[in-house]
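Presented sequentially are two complexes of subunit A, the first with subunit B as partner and the second with subunit C.
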Partner chain A sequence: MISVKNLSHSYSNDEKLAVNNISFEVTKGETFGFLGPSGAGKSTTQGILTGLLKQQRGEVIVAGYNTMKVQNERFNKIGVSFEQSNVYSKLTAKENLEFYAKLFDVPTRDPEELIRLVGLEGKEKVRAGEFSKGMKHRLTFARSMINNPELWFLDEPTTGLDPTIAATIKDIIKEQAAQGTTTFLTTHNMYIADELCDRVAFIIDGVIKLIDTPRNLKLQYGQKLIDIEYINNGKVIKETLKTIDDHDRKRIGEIVNNYDIQTMHSKEATLEEIFIQVTGRGLV
Partner chain B sequence: MLRKIFSVFGRDIRTSMRDSMAIFIIVMPVVMAVAITLFTPGLNDTTVNLAMLRSDDPSHITYMEQFAKVEVFDNIGDIEKRVNKRDAVAAIVPLESGYEIILQGNEPDMVENYTVMLNSLYELGTTKEETTTTMMSFGHTVPPLKTMLVNMLISMTVMLAGMLIAVSIVGEKADNTINAVNVTPLSQIGFVIGKSMMGGLVAMGSIIVSLLITGYYDINWFMIVLVGLTSLILAFVVGFLQGLASDDVIEAAGNVKMILLPVAGSIIGYELLADKWQWTMYWSPFYWAYKANLLVLSKQADWPTVLLCTGMVLILSLAVYFLALPKIRKGLS
Partner chain C sequence: MKLLSSYIKEMKIAARGYYFYIEIFFAILLLIILLVAVKENPISKETEFLFYDMPAEMVDAYYSASIAKGDVKAVDDTILEAKAVSFDVTDENTKEVTSYAFGDESYQFKTFEMINTKTGQLTETVYIADSEEAMIHMSYLEKKIGATMSLDANGGILYKYFTQGFETTRLKNLLYILHNESGAALKMTMDNQSVRKLGTIETLNARENMVPVFIVFMGSLMGFFIVMAYIFLDKSEGVIRAFAVTPSSVWKYLLSKTLVIMTTVAISSSVITIPVMGIQPNYLLFYLLLLISTFSFASLGLLIASFFDSISKAFGALYTIMIILMLPAFSYFLPSFDPLWLRFFPTYPLLQSFKEIIMVNTDVGYVLANSGIFLAGGLIVFLLANLRFKKTLTV
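This part shows the complex of A and B:
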């Protein structure tokens, strides 16, 4: 669904590259996470893929269209949800979706159904200007589904949302994926990526460091850990021990045999920890 | 494509109706037209006003009504009150022998002389039919000052279309919605046409309503529409450029107002420059549009002249359009 070969981009049209010779492919029906800290090149890449940024070098095919050529009809297959909400503040929620629905050449979804889907029922006739930041974000998200996209670009889809709404959004993304929608998810939230993505790419300083499934990454880079809390001389002691380390395994045995165990949890390395391990950088 | 363009047009109209600045821009030309109509009736009125007594000879009153606007009063007191009002009214009052003309004292000489002459002709028993004079008229029924004011209003209304587009673009920027439209099948040119339609139709509507309000019913409407539509090209370019360059509505309105300076300069140049210096204004599309509209409003226009003026507006506006196009495209990307 997406094929990127040797893509590079410079905002200053010189050798200072925001995206440096990256290549990857996203297959049909896949949920692909593009992960990295701010300024890593995520938005630049998504901008080029969605046609919002002019492609300079490399070859990009999106939904069967070469992005070097201006072909607006390709957007009939594509949905884009932006990180910054962008809806007409003087139009109501329903008017916003109705307007965008008219710009597509393919059958579109019922605006009221989409409004309900993102938890904005009852707000159909309220102008978007009166919405909170989170509500605008949900309306932007709903709009990205108006044309039943085959390829869905999501930029930080749960940022700024409360946990309940974020869970609803994640459920919608999973449901769309189950229906065969290909999703290109740009985020710096590793928990979302871990939960939703079939594969993830780590990008930093415009370079893709690795691409793999979250499971493979955990197997390859993760270390199974055990968090133990026990009582020693009346004090609660907490230790984190690796299950693959002989010394730590012996230590676990000692604690279990000699102390009063309060809590004991096994824990896998998170994608965030793996990201730091691979790139040497955090996700801020 | 057309459906999408009309969607953009419809959305812009709907949004404009919810924006106080846009409503002000839409309504202002009509208000100005009403103002011109209210404040310029005297410009049309070249007839002398007379006050006469009801007890006067009816044939005298009827005679005077052929040549002047006559008001009839019951007594001399009412006549004196009427004469003492602000406007220029002369009273003709019958005496035992002859007539007395009553004036406030500050009337133009023409009023006094005309009244005396008219009453003399009545006393001599002269009628219109007896004259050997023939009439030849150029058919100018509207005073030049009113035509000039209405023509200025048309020029201003055209530029207000640009202001309306600028306000709309600023709104899109504030809502960050241009990117959202850019990821739909609507092409950039479709977006530009849709937005221009909003400014263009509102401006053309305002121009037509303004002309009807000011009484220009029997002009050549095809010519007016042709000149108006051609002039709008430049307004669109200015609107998009200023909208993209401005961060808020006030800034956009201020920037578009600056463009009214060349408009005013062109009008002043046309009206005040001697014929031998008129060429110095040929660079301005506003000059050609003003000239063409003036001819149409004065009913002196012929198609070759109007087409020449329109052609000049078109060429000059397109030149500006193509110069500005890369900047507009970049701004909308």
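This part shows the complex of A and C:
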């Protein structure tokens, strides 16, 4: 569905690269997570894949179309949900979707059904300008499904939503995946990636550090961790240490021998912790 | 279909925003100003050409007496150049037609100024000709009332008026009554039909003369401004990006905006033009030029908007272009200010073309030629805007 080879992008058209020589493939029906901290180059990559940014270097095939050529009809197969919601504030929720549906050449979904799906029932006739941020975000998300896309781009689909609504959105994404939709999901939320993605790519400073399934990553990097809380000079100190690392094992011994232990338990590594291990940096 | 639904959507948005109503409100306001504050014929200095068919001493005696009273002032003789022209004069009573054919002439006129004794203001300039021909020639060219005064057998004064044909019946009757006691009043009218055939320019009254300026202001300038406002609204909402990931092309998006502006301008311009001009203008030409010129200036607005990401950043460019577009209006109202460079401003030929359209004898060729130029220019600017928008969708 997506094939990216040696893609680079510089906003200033010089050596300062926002995306630096990345390559990856997304197969049909897959949910592919693009993970990285702020400024890593996630939106830049999605911008090039969706044709919003002009491609500079590298080769990109999206839904069978070479993105170097301008072929608008490819958007009949593609749905895009944006990081910042962008709907007409002067139009009602329903009008926004109805108008958008008319721009496609393929059968489209019923606007009212989509509005219900994202939990906005009863708001069909309300102008989007009167919506809260989260409601606008849901409308933008609903709009991206209007043309039954084969390939679905989601930039931070659950950011800023309350947990119940985020769960609804996650269910919709899972449901679409079950129906065979290919999804390119951009996020810096590891739990979302873990829950939804078949494979994830770690990107930082415009470079992809690794690509694998969450399961493999946990097997490979997911050695048991020990969370340990102890008292040193009257202060509670917390450390997380790996059970397979020599240095960490010595450190556990030191702590147990020298300090007053408060709590101590072992756990599985989260994707977030693996990210920190691999890239040496957190996800914020 | 996509263009139509985009257009309908844009009209909905326009109808729910301010700009559409501002434009219509301005049109109504300008119409009221035109109808209430601008008189059809402003009170201005009148001019009269006279020929006295009587001994010079009698004339001198009359003016000397008036000068003594203080309501007439003698000034230097005036020399006026008169172009070659030929026309017919019809006697309104007998329907007898006299044909005149003049060559290029230069005439000398004794000149007097009539003063309003109460206000001290100059009300009228009287030119006294040496011959009846000189009087007829000049009053025809200047479109002023002319008169010959002669003595009848009893020593009373006979008046023979030469009017232009467009004076009201009331004025004509007034002239009869005015001099009824002085015997038979002979009255002649120049045949205006032949005037038109000769290609003499029909003039507009002061109110009508304002219409082209208001049309260009409401059409070109407002179209240019409002389309930018719409684009910046969309940019701030990010909806252009959503449009860019549909199979619909950018030019349809841009054209739908332009069509909304054209609709708005067609309404606002009609609000001004139809009540003031009635059925006189050639409306086919009027709407042709109106839509084409609005398209061109809206395209210019699109192009300029593509270089900025918010209206506040675009203000400098916006003001500069608005002022450039307004400059030719000065020349329109002050014919003495008409430098050659001003003719290259796009609104200059536009003003002249709209003036042509609302006049009786429209120069269709001139208007069509300008429409063609504006259409070609507008298309080029539109294509440039399209290229720019394709490149800058993420802005």
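We adopt the following convention: the second predicted complex is superposed on the first by the 242 of 284 C-alpha atoms of A that agree within 3 Å, B and C clash if a C-alpha of one lies under 4 Å from a C-alpha of the other, contacts with A are read in each partner's own complex, and residues count from 1 in each chain.
Following the convention adopted for this analysis, contacts are C-beta pairs under 8 Å (C-beta built on N, C-alpha and C of every residue); 3 or more make two chains touch, one makes a residue touch a chain.
Since the structure is predicted, the reported quantities are computational estimates derived from the model, not experimental observations.
After superposition onto subunit A, partners subunit B and subunit C are found to clash with each other.
Once the two complexes are laid over each other on the shared chain, residue contacts for A:Lys90 go to subunit B and to subunit C alike. When the two complexes are overlaid on their common chain A, residue A:Thr50 makes contact with subunit B and with subunit C alike.
After overlaying the two complexes on the shared chain, residue contacts for A:Leu225 are found with neither subunit B nor subunit C. For the contact definition in use here, the residues of subunit A common to its subunit B contact set and its subunit C contact set are 50-52, 54, 72-76, 78, 80, 82, 84-91, 95, 99-100, 102-105, 127, 140, 143.
Put simply, subunit A touches subunit C in their complex at residues 47, 50-54, 70, 72-76, 78, 80, 82, 84-91, 95, 99-100, 102-105, 127, 140, 143. Within the complex formed with subunit B, the subunit A residues making contact are 50-52, 54, 72-76, 78, 80, 82, 84-91, 95, 99-100, 102-105, 127, 140, 143. Residues of subunit C touching subunit A in their complex: 1-2, 5-6, 9, 12-13, 16-17, 237-239, 241-249, 390-391, 393-394. Across the complex, subunit A is touched by residues 3-4, 7, 11, 14-15, 18-19, 171, 174-177, 179-187, 333 of subunit B.
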